[in-house]
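As structure tokens, the structure follows; a few thoughts come after it.
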Amino acid sequence: MTGPVLAVAGLAKTFVLHHRGGVELPVLRNVSFEVHAGECVALDGPSGAGKSTLLKLIYANYRSTRGSIGVRHTSAIAGDALFELTSATPRELLSLRRTTISYVSQFLRTIPRVSALDVVAEPLAEHACTDPEALRQAERAARELLLRMQIPARLWHLPPATFSGGEQQRINIARGLIRPTPLLLLDEPTASLDDDSRGIVAHLINEARERGAAIVGIFHDAKVRQAVASRVIDMAKFR
Amino acid sequence: MNAPDRSAMPPAAYARTWETNFNFAYLDERSKRMIRRAILKAVAIPGYQVPFGSREMPLPYGWGTGGIQVTASIIGPDDVLKVIDQGADDTVNAVNIRRFFQRTTGVRTTESTAAATVIQTRHRIPEVPLSAHQILVYQVPVPEPLQRLEPREVETRRMHGLSEYGLMHVKFYEDIARYGHIATTYDHPVMVDGRYLMSPSPIPAFDNPKMHMNPALQLFGAGREKRIYAVPPHTAVESLAFDDYPFAPQRWDAVCAICAAADSFLDEVITDDRGGRMHVCSDTDYCRTRQAAAP
Amino acid sequence: MIAPDDPPILRVTALAKHYGARAAAIDVSFELWPGEVLAVVGESGSGKTTLLDCVSARQRPDAGRVEFLTRHEGMVDIFALSEAQRRLLARTDWGFVHQNATEGLRMNMSAGANVGERLMALGERNYGRIRQEANDWLARVEMDVARIDETPVTFSGGMRQRLQIARNLVTRPRLVFMDEPTSGLDVSVQARLLDLLRSLTRQLSQAAIIVTHDLAVARLMAHRMIVMKDGRVIEHGLTDQVLDDPQHPYTQLLVSSVLTP
């Protein structure tokens, strides 16, 4: 399997604001690149260049205006064939998000009352349904990650809404990394973290890379980018 | 005016004594035919409430007009009629209804359960087991067993039609939760032939087992509610209960003070101001028969 | 085919419903798979409640088809079934959580009886087992089991909703319909209830259709979302996509109008 995990071709995104007189905001124009397993591609460019937008398009959080996004899904039968995201049904997208694409957003969206432990364990717990062994494993994995993220144990059973920005971000990352997927999208994963935590996150990202994940990320911090990125793509190319 | 004592007269003489101002058994023939049709339908669908055109009777609603209409439609000159109210032949209602039929049909009447061919009853089943040539006619106030739980008839009809009787068990669940046992002491609902939920009329729960596989025909008439239903002979009649709270009718610690019966339904009678009481058989004929047979 | 090839649990095709000259639902089509939660979002008069009533067989549509994947007979047109069969489905494989709990409960029966009723309707005749199940479910919806013998008349709005949920879920329905399940409740109560619903539907792998005017509820609960206006579906897709990148002008208006504290 030597083909790319992700292949973006001629991707364009224009926002149309119907209630602002239909004004059009073209954010991306003709984006094309590929990412292979074991690569970590850093998107570079000033704010407003469309970096977050690109990640969200790949995650199907945004709908593209034009172009194609191909993702190699985990079906062994298909081999190197890429699945076209832009024409996928919601069901297919949900399946992809469960098995193939993980996304760490810039901010943690907190659900009231759900404990930090449950937030982190959720991607695995969802898959486990009611299987008690699988649920136990999910909780174990969550604990391990929270430990590595240096979230103190006394916070594990509290909902993250009252945590500091840094703590929330670490929980967000833990949640994004707990279930290893072939493609990983990271939007400013170290934005509110101190040096120590940044180091840990960089380490985790490299671990993911080493096990064969393809990673596309936005890293504002130069040191982190240095530590994890195997390649940098300058968004200016696509304007 | 007291009716003459006809118990000693031959049948032919009877025919001449009944008052000729009324049709036989008071109702006109068309009405009787209508009621008989309803009865046939009821017998064909055990436990199902058949609507019928309840006629204006010389008694108000609530006094047994349904039972009277059923009896009037089935009684013939050769029948022997017994009428009881709460097991007794000599209460006001039983006496009046019996006299009504004497005056309008001239049939022989009796207080002996064994001697009767048609027995009209309010709120009891006689203790003496019935036989195949007898018909028991029950007076019914509220024919719909679910009425207290679901007052809408549209809904209860649907429930009967679809055999959806969970609600009845809900009521029993509530009884057990609240009192520790099922709390109906009379009018305990039954399943007839495994299909229809039926109200046995306000007979004591003690009497329910007598309905099961009874060789006699059991007919039920509700005059105010305009429904007739039936349990044909040898039909399964099961009182509703839970597996772990089975149906358990009443038991007394006493026996009948008059005839010493330990197996009949006993009435508690207060005898004086000091709280003195005694238990006597509710079924007067049964008690009297036992008394007479005792050495 | 990237997603497994199993059939949808519900398929709605070209559904339409009129009230006289007014069209409440026009040409609505969608599919729902086991374990998916679909939010139907719209303002008053959008037709979302009519849609819910039609797909849950509470009302008969004027046109279109609603097909449900039964446990043993494959996909069936629910309006081709007899009323008895439909009522049985409604008692076993479907749940319906009303906005107003009093509509979905027997207010004069104890909480235990409310939960146990479906079991009794299906032939359960052991009091002990019924009470045990009722107990378990009250605990699962985080109610005080000591109140099992009290009637819902004495319960708060949030507790009544929990009881309604327990009453519906006791037969583990594979498809649950919810009509604004948390409107009218205090905000803190809403949050807890939504959390409960979310975890229960996931634990039981239930498919659910939630009608709501509250976009936050849709975001929290649903995988997919359809937006209705004047009886038509004007946008549909993944919930986060419709809310974060709305395409249709009306959807953009809805999303931008939401106040965030």
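Each chain gets a letter, A, B and C, in the order it is written, and its residues are counted from 1.
Simple rule for what comes next: contacts are C-beta pairs under 8 Å (C-beta built on N, C-alpha and C of every residue); 3 or more make two chains touch, one makes a residue touch a chain.
Model, not experiment: these values are computed from the prediction.
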* Structure fact -> If chain centres are mean C-alpha positions, then the most distant from chain B is chain A
* Innermost chain, taking as reference the mean of every protein Cα atom displayed -> C
* Structure fact -> Per the C-alpha means, the centres of chain A and chain C lie apart by a whole-Å value of 31
* **Separation of mean Cα positions, chain B and chain A [Å, integer]** => 78
* Structure fact -> Separation of the C-alpha centres, chain B versus chain C, in whole Å, is 48
* Asked: Going by the touch rule set out above, which residues of chain C reach two or more other chains?
  -> none
* To do: Please name which positions on chain A make contact with chain C in the complex.
  => 15-19, 56, 60-63, 73, 75, 83, 88-96, 111-114, 125-126, 129-130
* Residue ranges of chain C in contact with chain B within the complex -> 83-84, 87, 106, 109-110, 112-113, 116-118, 120-122, 125-128, 130-131, 148-149
* Structure fact -> Contacts from chain B onto chain C in the complex sit at residues 158, 162, 164-167, 169-170, 173-174, 176-178, 242-245
* Residue numbers on chain C that touch chain A, as the complex places them -> 2-4, 33, 36, 191-192, 195, 198, 202-205, 220, 223-224, 236-238, 240-241, 244-245, 247-249, 252-253, 256
